[in-house]
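Listed next: structures, encoded as structure tokens.
Two complexes follow with chain A in common, the first pairing it with chain B and the second with chain C.
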Partner chain A sequence: MRDKIQLRVYRGDASGGETKEYAVDTYPGMVVLDAIREIQASQDGSLACRWNCKAAKCGSCSAEVNGKPRLMCKTRVEEVYDAAGVITVHPLKSFPIIRDLVVDVSWNYKMAETIAPLSVPDDVPRPFRMQQADVSRVQEFRKCIECFLCQNVCHVLRDHNRKDGYYGPRFMVKLASLDMHPLDDQNRREFLHETAGIGFCNITKCCQEVCPEEIKITDNAIIPSKERVADVYYDPVRMLLRRLRRS
Partner chain B sequence: MAGYKANQIEAGRAPLETALRQDHWWLEPVLVVGSLTLFSIYALWRAWEGAYFSGLQALQSGASWAPAYLSPFYSPPVHEWFPHLAASMHISPAFFVLLFPLSFRATCYHCRRSYYRAFFLDPPACAMAEPCAQRRKAYTGESAFPFILQNLHRYALYAILVVVVFHFLHLYDACFVVHKDGSRHFGIGVGTLIFALDTALLSLYVFSCHSWRHLIGGGLNRMSAAPIRSMIWTVVSSLNTRHGLYFWLSLVTVGIADAYVRMVASGAITDFRII
Partner chain C sequence: MEAYETLKYDVLIIGAGGAGLRAAISVCERGLRCGVVCKSLLGKAHTVMAEGGAAAALGNMGEKDSWEVHFRDTMVGGASLNNPRIVEIFAHEAIDRVLELEQYGAVFDRTPEGLISQRPFGGHTYRRLNHVGDRTGLELIRTLQDKAVSLHPTFHMEVTITSLLRDGQRVIGAYGYDRISGKPIVFQARAVVLATGGWGRMYRYTSNSWESTGDGAAMALEAGAELIDMEMVQFHPTGMLWPPSMRGILVTEAVRGEGGVLRNASGDRFMYTPEYTPERYRGKFAESTEEAERWLDDKSANRRPPELLPRDEVSRAIYKEVKAGRATEHGGVHLDVSHRGAAYVKRKLPAMYDQFLHLGGVDITREPMEVYPTVHYTMGGIRVDPETCASTMPGLFAAGECAAGLHGANRLGGNSLTDILVFGKRAGDGAAAFAEATDHGVVDPDQIAREEATLNAPLGRPAAETPATIGAELQEAMQTDAMIERTEVCLSRCLDRIHELQQRCDQIGVEGGRTYNPAWHAARDLRFQLRLSEVIVRSAILRKESRGAHWRTDYPNMDPDWGRRNVVARMVNSVVDVDTTPLPEMPEHLRLVMNEGAK
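Our next item is the complex of A and B:
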């Protein structure tokens, strides 16, 4: 491991800026967030960076390290510096920038507000009693820390900016957790198809690749939801059977 | 790779290049394009050839015995069921057969991931800019024609299930040799082992499919109410984690099985017998 590394960090806002270089001394176990805090402490206190837990649980320190979306607190410097000892740290590029490494992710919170929370019929006795077999599947989705790395890497939002039609992987996970919940009585499939835009996803699995909680976003949330939507909207045999049952 | 700045996509984003990865991100798309193109050319050539698809053809070139192998490219044996159909249409029977695996593989979730990335560069790799994203009309993904048809993957699954059954039948046939006088005797050759491997990997590929996983129990919310379906779903879910691996391995073995049958049928090699 090198004793010293060069950090190339974006300094600026939406109107412009530059990538500035900082030399930082390293130590065993150092993560990129440590290096950023070292710059703040000893070289440039005006460097803006959002962080909180430094334990990969709050999801605040999302950034793009050498072009890849990562949590800075979970990325060891020796894993990412190049042959010259350089690490490039940029803010998330799918959301408006506030300053330096801080971006405005409020669009995600606006989308979250449009999703109806868990809705359980009044006749179900409280407190809820559910078998483990019924909730195991959705427990994986509860690991989400809302770091929005999946939203950042999703090309539908990143390259096509279809925030007008697609909610993004984070909310596909949220909707899957509700749709698969044994007690929820809402029609999530209609919402997934008509409002959340699940059809926009072309399952390139980048969201799954960057998830720091290792949630199988595509395999366990998006694809099963696509299949459930297909049951309702794209399967002619099921559609015919439903019509026959109704008549 | 030519990129663009994030603020060209949406005002307010940082004025930074969106394609900055320095690792070997290009390796996967190159390998996918190379392997799928090679396989497609080989499969097209073999289908077009319309010959050397049965191990029994070795009998016609003077051999005293021949293994009862049938190339997976010609299974189910449409050429036996409708011998005049292909001839009257001047088309190889393989083209009727290949529609089944082709539709299944083309709409397979893993294959879609691979070709959207490698052939459509949509995106070429995670966090790498799509070359034509700014020139394209509004992106619609799989919500509009033609890619909306991917939602019919389950029908391709039903078709491939028939192919899997025939793979097992032909594996059984591959356990026999046929002599010139028409008698059949049990025997295992190298081809039998290749067929066994191909059948096993095709089965793993098909039964780890996301649509199969959904049909078998993925649509359930109360797993405890259907313990048998829940148990099968758990097994399929476990297989599903390696669906991509099975996709590629079964693609390789189906090609090897066909190439082996061709070599035996054309007399280029004699099937090595184990039993």
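Our next item is the complex of A and C:
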């Protein structure tokens, strides 16, 4: 590993900004978040970024490292610096910037408020009995650490800014975790289609590629949800899928 | 004085970890107006990092577990410095709270019968840790977050509270600032709940996040409430040691629960050294590696390996091995779980596998990990009433890691996640009942002006000192002189350092403005850290014995007289005063429960 690296970090707010360069001495195992915190400690204490666990468990430190959405605490510097030792770090693009690497993700929390919680009928005996095989899929979805990297790459939100129509992959995962819970008795199909806008997704799988928890967002959450919804509603992608499968 | 926004609630909850969220659920269910404040985004509090599980005597594993055994284990693990009534409530109600969590939507790992699966952990007689792989904290916080959100309290994310407001001898609100805009906010409430977590960040190597600066306990102390057991800081035996960027990050005890073994540099299973198993645990642990081997497959016919002794004992053993020159390459010991097979390790410890592979460059299914104790948990904190979680200041309640009494001199793994459920609920109920019977009180502008001056002083002042340098020096001092092994000499040296740093705090200057400025935030947090460090060290000097996590090599034995007293700290004329207070008596029915176990 190199002894010194150059970090090009975006500094600015809603009114504009620029990329600033910082030289940082490395040490073994250094991750991008360590480098940012070195800058805070010895060069500029006002550099804004979010972090909590430094162990890829909380989903706070999301940023675009060399243009790719990543958790800064899970990205070793030697994996990402170029031949000249340079790494660029920018805030997530799909959300409004607050300052430096901190963006306004409050939209996600607003969407979460509209999702009906788990509902188990009163006549189901307590404590619950559920088999591991029946909950493993739900557990996969519940690994989500709300880093919003998937929301950041989904082109419906990123390129078309359709936050008014589509809840995005994070909430497809959440809805699927409720829908596939063995004891939930809600019918979430109408909500998925009418409110959460599952029809906007055209299964490009970009979300699933960036998920640090390796949740198969498209394959395991979105496609099965689309199948269920399509029993009631018309969805062009799902029709296509069906045709492909038949041929 | 600057213009500020005033927000009024029936109950204000400071903190949105497990304790704060569970309290919010109780307050909302009673139909009261509830505000919840946290320094980070929702769902990112420390609780999210918990791995191993939540302890409750569900008895799902075919063993004869009961609240009585859980009570006993917790008292023994805490070296009997615990408040017996708090432990009794805890052991009883932990069961209901875990089952309730499942009904809120938590999806625990299952037994073949379809019940919640439980794993063994240090100091617990039976398999008792309800878990989801090694990400139990995430499951717990997300479940409580979703449940709380559905009941509509008002959340104030990324807001830091910096002092409690009083009307005479009663807490009636809090002052804070919005981390994003930097603007001040005054909260008025009929009752206030502190659920602000612990203070591991006083030490250089810790498993704790930046949030753990002890704000809540420091504010409570400054507002007139009492703190107890502050000398009791838990050193978790297994923190990551290498690479340096990962130093201190936790290696869950579940690794040992799932059969992981400890070895020193010569390859010895040093935990079998008889002197590492103190008298009160003799006969309860496997005495040969063969028996430990058999335990993996048959838990009822064999005793557990000594790797699963309570954390204070295992940490001390590792410390002694290293000091005796039997350290591994980077100055620790080996923790090895590779003999359990790759498939098993990946299924039971997926997050650990990932953490070491990606961040440590170690494949734990093939090679051992290098570990060394890391600062992990704070047993001491705000003194509370067992029934309602009321502090000694009227109007102020506390629950979770910032409160004291449950864990005594040493916490058992898994007891914190159920602590925050049980006492989060009780604090919410207690605060709600108090709020229903009282008014809003009157805000005193002088208190606001004083806090405003402290908070804003570093802005624009020439940076003769920075929060980063003073913070690092404090961590270094605590790490060297207030760690596992303590003496009067090193503790006194540490106290001098703290006083010097407190003085230098007044020279801190920060660049930049008030919008999301981490240096400015850290400047205020640092005052809380220094205050609590002072209390920790002074309490540690006062307790002249060794008990639980508090190991004084100048007083190496447990002293029965000290076993009847808690160290208590309060502010007297703006100065910290430490003293002792009698430990609550163990009632007869609980004494019987204890004796039952001694048979």
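By definition in this document, the second predicted complex is superposed on the first by the 233 of 247 C-alpha atoms of A that agree within 3 Å, B and C clash if a C-alpha of one lies under 4 Å from a C-alpha of the other, contacts with A are read in each partner's own complex, and residues count from 1 in each chain.
In this text, a residue touches a chain if its C-beta (ideal position, glycine included) is under 8 Å from a C-beta of that chain, and two chains touch if they have at least 3 such contacts.
It should be emphasised that the depicted structure is a prediction, and the values quoted were computed from it without experimental measurement.
With both structures placed on the common chain, the touch criterion links A:159 to chain B but leaves chain C unconnected.
Of the two partner chains placed by superposition, only chain B is touched by A:228; chain C is not. In the overlay built on the shared chain, the residue A:48 is in contact with chain C alone; chain B does not reach it. In the superposed model, A:129 lies in contact with chain C only, and not with chain B. Applying the stated contact rule after C-alpha superposition, one finds that A:120 touches chain C and leaves chain B untouched. Residues 13, 131, 181 of chain A contact both chain B in one complex and chain C in the other. Within the complex formed with chain A, the chain B residues making contact are 6-7, 9-16, 18-23, 109, 112-113, 116-117, 122-123, 126-130, 133, 136, 138-144, 147-148, 151-154, 210-211, 213-214, 218-219, 221-224, 227, 230, 240-241.
Listed in rising order, the residues of chain A touching chain B in the complex are 10, 12-14, 16-17, 64, 66-69, 82, 88, 90-91, 93-97, 103-104, 131, 133-134, 136-137, 152-153, 155-156, 158-162, 165-166, 179-182, 184, 197, 199-206, 209-210, 216, 218-219, 223-224, 226-231, 233-235. Interface of chain A with chain C (complex): residues 13, 27-31, 34, 40-42, 44-60, 74, 76, 98-100, 102, 105-106, 109, 112-113, 116-118, 120, 126-132, 135, 138-139, 142-146, 178, 181. Considering their complex, residues 40-46, 48-49, 58, 99, 102-105, 107, 109-110, 113-116, 132-133, 135, 137-139, 142, 146-147, 149-150, 152, 155, 157, 180, 209-211, 242-246, 249-250, 351, 354-355, 358-361, 466-468, 472, 510-513, 515-520, 522 of chain C touch chain A.
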